[in-house]
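Per-chain numbering from 1; labels A, B, C and D assigned in written order.
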């Protein structure tokens, strides 16, 4: 993506003329639309749109375009985000002892597959638990937590999010439940990987529950974190076939593969501004 | 399969020498093993085996072989079934108004894909509700049911099962819940297609529940019927990807495709004696 | 879809302002855009767009809207189709002896899943070969063919297409290769189901070829027919896992399931104007 | 797996009594069969069997059991391998510049998912090309190669295989074609990941070929290396759905995910003695 490419994501109550207004605004500002996708939720009457456009030569400045959109947004009660396609989001990774998702995300970042800046890696366990993962020069923080110190530990996390200008927090198999307060502060910018096909098996040890029930497929779910545990808006899910021969350990092993690819896809969607919250659900403008 | 081919399925507490005893018995009876699969459930200590064998020329008679196995079974506390591979199981289909599973099973039966005899088609609604399906000359029974007449209606079903020597009852989208009594009578020989990926969405209108929750995959589950609704041993499951664009009606449509292929696979496994009950789960010796 | 809902599909060389021009035209004509998807092929510089819109009360008439679009099309060298969403396409089915795709499409049509009119069923074999399929009152034509009579037989097909105002011809396992002439006449409106995952195994008996090669997945491909056999633009593909235990007959059986669902999806995409030809490829605006 | 657990894999012309002979031999040697799978290739008359068994207390020694099997093998013209389940195979990894498969296999090895010893990592490029992968203390060899020095370079590889007692060579995106000579030497113990769904797109740049053809699914294939390039016995394949929006670069990216999981599964099957060569195909005794 060139530096002249921008992404506009908007949402407003549906009414005739929105697409026309947006596309005309961009045309008159000297921009060429490269990709546009929209969705009209007829149940709620809410309209969603994602537009990727190029600022052509002699186009208006970014600030002028933003001002025009702002003006339109006021008129039609629209929320929107606008940013350069090439701008990198700033990501913080929270992890406990299982590091397969962390290792996978870092590898994808190193080879340039995920366009982001890693601001910090935070764990409630010491660095020695991540021995299989190459953290390189990335800042690592050990923030231990107990039932008694949970509030203080979350305060440290929140402070770090602010100091590092973190845009997105990824719970990459972070085995702690965020408090309602922190969940609210990170609303829409904290992704969790739930090691189960929600809503099949909530709670702890979902693979063991799945084994116990004798299901023939297991899965994983990436979702935004909300105060209602395991109930946040779902971004991505996938499954794999299992058989009666699979032990709980086999399910955990197969689960690792599903978890890391589901989380990586969800993160990629988020980084590219393809996910829009629609109350308790998501709209995903896939590539 | 030739008429000389037989299928033996057995289960017993695991102990050394079982495979040796069975395979030697068959060898000495003049049989050649074509396929053998086994499973040792180390959690419960139960052993499962499926053997397909050919009675060679000069082999012992079926009755003699059965007697030998009976004798072994007594010795090692083993349960087993033994039958000719080419023998057709007798199937009764129960259906309500949605006939996509019924139509699909009948088509597979007509082209010889499912080797079975259809003893009867029973519905709680009139034949006119199955207008999209060609029932041909198959006996059709309209057994209406109300809350008050449920016991009598089930008695009619059970009588028909007995009169027709039905081996397997298939609930092909039969929208009535069987009583505990009938479920118990049909234990291990009544398959239901649950129009959902269990245990995700139990209860009524699961596709609407799935839409409400915003999941990214929907599925279906074929399972044996037990008195515990939606909790019977699972035989087969499958899923399909959906998006935010899919309405509840779209989910119902996509669900039909999943339901019919999941049910057809489960029925096929059962007809070929590939499914063995293992308490609340199943062992599936796939082809 | 109400009768006031319309579908516009267009293609033209990409240039700034197209989306703006189309959406403004529709807004000014008193229409509300329900769904819009576009694709910009940066390799060829060709732009594709599909718009579903509702004519609101006091909107311009269909004819006036068509005239406006026609006028725009002349200006920007654009090809387009415009039709009522609820209008049913007229479909002719060609089949030989295998009727699983035919039976499947007819069932989906009967329960209202595929919105279309069936103009005729044509086979090079007699009706008795379709005994497993309920043709109902649909007009059936037996057009036998030999190497010598191929030209005449195709002339009869083409005459029937014209007489019945057929919009789409579906080769539902029609085991004859259309001549270059007929392929050209039906360009973009004749869909074939190739019983293989193209381009893996072209030619005859692809499942036997797959068995011979020992592949672990088999598939099927739905594509538009062109004079270049097995090389037409691909609309849809799917696969299923197989194992060393599967005989060529098992592959044929599993293949039937893949073929019918791949063909049904492709037909559905076509009926809803979701497929646009892009030289030797397709753009699919999925739902 | 305990140290008393062993794996026997055998193949011979099919004849009555083989299963009986093997299972009786093991029973009489004081062993308990934990898992047994077999396959009878009726096309070629070849029989394949994999048996996992525990040596119980007072069982015969490993050497005595091996001698008994050897004696049986001579009698029925059988080939077999017998080894301790817990014994680790010795693996050499060959790689060029793309390291996603290498990184993935090493991660799985570090967390104990793949039970193996890594003898060496060999590349035709310098270590600096693998900067995204943590090689740790593993011996790395840079064996550059040109058209002129191919024979010498392969001699160095072969010498290293011998010196390190390597059991299996993995071509983890090694972009060189092995000579017929080296392929023959490594027959049945060299696995390649082909970055394509064979036999769809052979030759170079298969993802670009797939993009050009407009297919809707891409895949990858893990196979044993033979002198006939891209034609070796297939161990595992998988696919992923793509759309017209995917550029060749997107296919390469999605391909990486498929390649690494397909190769990891194939390696796992091989390490656990689940793959048996059957002429140009494989028998896979899946877990």
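Note that a residue touches a chain if its C-beta (ideal position, glycine included) is under 8 Å from a C-beta of that chain, and two chains touch if they have at least 3 such contacts.
Source: prediction; values computed, not measured.
Distances between chain centres, each the mean of the C-alpha atoms, put C farthest from chain D.
A count of C-beta contacts for the chain pairs C-D and A-D puts C-D on top.
Rounded to whole angstrom, the centroid-to-centroid distance between chain A and chain D, based on C-alpha atoms, equals 36 Å.
Averaged Cα coordinates give chain C a centre that lies 42 Å from the centre of chain D. Chain D has residues 39, 243, 245, 286 in contact with two or more other chains.
Those residues of chain D that touch chain C in the shared complex are 39, 41-42, 197-201, 213-217, 219, 233-239, 243-245, 278, 280-284, 286. Of all residues in chain B, those touching chain D in their complex are 14-20, 23-24, 26-27, 31-40, 56. Interface residues of chain D, counted against chain A in their complex, comprise 100, 103, 107, 110-111, 113, 131-134, 243, 245-246, 250, 253, 256-257, 261, 286-287.
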